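Shared chain: subunit A. Partners: subunit B in the first complex, subunit C in the second.
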Partner chain A sequence: MIELQSVTKKYPGSDIPAVNNLSFEIPEGEICILVGPSGCGKTTTMKMINRLIVPTSGKIKVNGTDISTVNPIELRRNIGYVIQEIGLFPHMTIRENIAIVPTELKWPKKKINQRVEELLDLVGLDPAIYADRYPRDLSGGQRQRVGVARAMAADPPVMLMDEPFGALDPINRSRIQNEFLRIQEKVRKTIVFVTHDIDEAIKMGDRIAVMRQGSLVQYASPGEILSDPADEFVENLVGKNRTIKRLNLLKVEEAMEDILILDSTISLADAASAMDKAGADIAAVKDSQGRFQGVVPKKRIRRALARSWQTTLSELADEPDVVVDLDTTLHDVLSEMMQAGEAAAFVVEANQCRGMLTLGSIVETVSNNE
Partner chain B sequence: MDYEFNWLVLWEYRDLLLEGLVLTIKLSAISIVLSTIVGTIFGIMRLSKSLIIRLIASSYVEFFLNTPLIIQLFFWYFALPMALPGWLQSWLWAHNYEFIASVIGLTIYTSTFIAEAVRAGIQSIDKGQREAALASGLTGFQTLWYVILPQAIRIVIPPVVNQFLNLTKNSSLAMTIAVPELTYQAQAIESLTFRGFEAFTAATLIYICLTLTISLVMGKVERWAAKGQRPMAA
Partner chain C sequence: MSEVATTLTTKQMNRRISFKSFGEFALRWLLVPLILIGAGTGFAVYIITHTTDFIVKDFLTYDRLIAAGLEHIKLVLVSSFLAIAFSLPMGIIISRPRFKRLEKWVVGITNVGQTVPSIAILGLFMGFFGLGFKTAIFALWLYALLPILRNTLAGIRSVNPGIIQAAHGMGMHPMRILFKIELPLALKVIMGGIRTAVVINVGTAALATFIGAGGFGDLIVTGLKLSRMEILLTGAVSTALLAILADYLLSHVEAKLISYGD
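Let's look at the complex of A and B:
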């Protein structure tokens, strides 16, 4: 848990405090997003938590300990830190970068290597390929994953993230955001996350602290911020299209429709009549082991029957263009659908088709949630 | 042209040339090592948080950068001993003081240029690197040693190599305080044989070989230092 008690920071030579009498608490295991326009004090606030910046007055406690009483070196080894990709050390390999803190802590070499490989696996990079490369050999997204892995190296309970995904293109950013949320499900760190992107804040945050000119304007869950903005400033920050922003909060699970699943071994005629009976225009096909093979529209089966093609259900089934997970946000599903020019998306997890989404089901879910 | 070349004198006086060459190499090598250490320390000091340390470093650099090397050599050799107690004077004279004085002179003079290069190199490293290192719990010294300097080296090497070359050429000034290095010996051959053309041609060629060797070796060092980073623009 992180507590800020009347924290103020005044830079020398400036009359207006960068951070003014800030007080709030971040519960253990939650992601708190600091959001606001540039110069609002969000980065200063974050850097005071690991004493990169020393507050002028006020108290900060991490897990009950006043941080001003802790040796800063000791403190920082227990707080992971992720910044934009520039934070990787270019003259060190990925392994050396991740091993920085464990090496300082004098872990045995074997344990360090084990940890590096475990972390690379966790962030989805194959250690055999990437561990001994240099940062410049990696793409922006891969470097950012390494940055996250490095911050988690010594398994710190608290992590600070300063616009960690800011330098990535939108598609990579949404992918790494999803992965990060999945990792957080497992590791449950207390995270302070700075961004100026309100969409990212709504998607990633358990709580959002909206800041303006060094003060806290609103501290609430993303849902509350959207439905009940504290004042005009928050309203403007969130923007006019609050309904569309809400897409960031809703997951596939909530908008998913059931899908008819057919065995690939049945005849085309049986398939057609099963779909008629269920009133389905499209069905998923699974093989004899129950693995998802693809989807097939009823029209295609009808055409094959009318022309008496010698074919099977598996041959008629297509891999769908848009495949998503249960915990993908509706915002990401919609943008993928639009990019692919498809009106439907299919939910596949562990080789099983779990359901489908259509534009209709998404619209309905959002309007029900208003 | 009436001058008849007689390159054989070089063979005749090869011992003098060889002694001169050995001394030039010794003088340059020792001064290169010392000036790199001293220059790096002052370069880092110029970026210190403490005003006093910064002042000390910049006075040192400005003072020695802006006086002629030959004056500095004369000062260390002729002037300094006057200020020393008698026993130290005689100890110095008994221990090849002309060599020591020229090492001091070359080291201090060259270290000012190296300090400037090191300072510029460190300043060119992105601030995020320092912040990331400190945030990972590295101490100030570890940040400098493991993160900043290894990256600065790549940027600092080319200007510093130029200073190594300058130092090697400047070592010829040591003849003015009676260090029998290469130029001194070439001059000696000239006065013994009146074969100035041959003697100084030989010295010139030897200096070129020396500086080319330094460039070649440092080119290799530079490639090593650039590991993990974009290759230098050719």
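Let's look at the complex of A and C:
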């Protein structure tokens, strides 16, 4: 848990405080997003938590201990720190970069190597390929994954992340966000996450702290920020399309409809009648091992029957254009559907078709959640 | 399967690279130096064997040449080593924010050493150290200080402050940040300073002859005094080749130390 009590920071030579009387609490295991316009004091707030900056007044507690009473080096080794872009050391390999804090903590070499490989796996980079490369040999997205892995190296209970995915294109950004949330589900760290991007804040945050000129304007859950913005400033920050923003909050799981699943071995006539009975226009086809093969519209089966084509259900089934996971946000699903020009998306996990989404089901879910 | 294949090829590649680089190693470290030394020796041998002039024959002996060469190298090595031993730690110290106010003084003083003509320094300090090796070493040392100090400072200051703050933010000890982050990243610039200093010293060491400290300068001055072009040229060519050799070797030390590129 992180507690800020009336924290103020005045930089020397400046009359206006960069952070002004800030008080809030981040419960253990939650992600708190600091969001606000450039210069509102997000980075300053974050750096006060690991004592890179000392507050002018006020108190900060991490897991119950006043941080001004502990050795800053000790404190920092227990707080993972992810910095935008420049964070990795260019003259060290990925392995050496990730091993920084464990090395400082004098872990045995074997344990360090094990940990490095475990972490690279966790962030989706093959250790055999990447561990001994230098940062310049990685793409921006891969580097940011390494940054996250490095911050988690000594398994700190608290992590500070300053625009960790800032430099990424929207597609990679969305992917790494999803992966990060999946990891967080497992590791449950207390996280302070800085971003400029309100969409990212809504998607990633358990709580959002909206800041303006060093002060806290609103501290609430993403849902509340959307439905009940504290003032005009927050309203503007969130933007006009609050309903559309809500798409970032909702997951596939919540808008998913059931889908009829047919065995690929049954006859076309049986398939058609099963679909009639279920009132389904489209069905998923699975092979004898239960693996998802594709989807088939009823129209196509009818046409094949009418012309008495010699064909099977597997042959008629198509790989769908839009395939998503259970925890994809509706925002991402919709944008993929738009891009592909499709009115439906299919949920496939572990080779099984779990259900489908249509424009109708998405609209309904959003309006029910308003 | 394909992953295993990739790893294997990477490893094999590394092995092949290191094997190939043995040839490259010989080529880089030995070939050019051997050519330079060969050229110098060839030049000297040619003159010694082809001269009919007794004065030249008398003065230009192999023993004398070797002695001058060793003296010259010793002057450069000792003075450069002492200069590094002073300037590198000093540069590190004044790069720490809390000692920043020392910068003006230290850089100012070393700057004086650099501005006063070398021959004047030799003359000045002869009064303290007398004739010979010590005075020459002192003058050369004074000369080499500034390039190394200035580059050490510039190198450390060129390290992205964000990187250093990242290191602090992860709880690295300041000493470890210096040795594991700042110095490695500053190494290229620091090595540049050392190179400059050593090359300057090879040239300046030729003046050591005026205070009886030997070196190739003996040949040049004697050549002038006796109006014997052969002697003068032998000294001048040797000095020039030694400077090229030093620069070449140091540039390769530099490349070897800094393998990660930017």
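Here is the rule we use: the second predicted complex is superposed on the first by the 370 of 370 C-alpha atoms of A that agree within 3 Å, B and C clash if a C-alpha of one lies under 4 Å from a C-alpha of the other, contacts with A are read in each partner's own complex, and residues count from 1 in each chain.
Basically, a contact is a pair of C-beta atoms (placed from the backbone, for glycine too) under 8 Å apart; a residue touches a chain by one contact, two chains touch by 3 or more.
Just so you know, these numbers come straight off a predicted model, no measurement behind them.
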item: Superposition on subunit A - do subunit B and subunit C clash or fit; value: clash
item: First (subunit B), second (subunit C), both or neither touched by A:L313; value: neither
item: First (subunit B), second (subunit C), both or neither touched by A:N50; value: both
item: Partner chain(s) touched by A:V285 [first = subunit B, second = subunit C, both, neither]; value: neither
item: First, second, both or neither for A:M204, with subunit B first and subunit C second; value: neither
item: Subunit B versus subunit C as contact partner of A:V62, first or second or both or neither; value: neither
item: Contacts of A:Y81 with subunit B and subunit C, given as first, second, both or neither; value: both
item: Overlap of subunit C and subunit B interfaces on subunit A (superposed complexes); value: 50, 52, 73-77, 79, 81, 83, 86-87, 89-91, 100-101, 104, 134, 136, 150, 160
item: Partner subunit B, residues of subunit A touching it in the complex; value: 50, 52, 73-77, 79, 81, 83-84, 86-93, 100-101, 104, 134-136, 150, 160
item: Subunit A-facing residues of subunit B, complex; value: 126, 128-129, 131-139, 142, 147, 150-151, 227-230
item: Sites on subunit C touched by subunit A in the complex; value: 3-4, 6-7, 10, 160, 162-163, 165-173, 176, 181, 184-185, 260-262
item: Of all residues in subunit A, those that touch subunit C in their complex; value: 47, 50, 52, 72-79, 81, 83, 86-87, 89-91, 100-101, 104, 126, 128-129, 134, 136, 150-151, 160
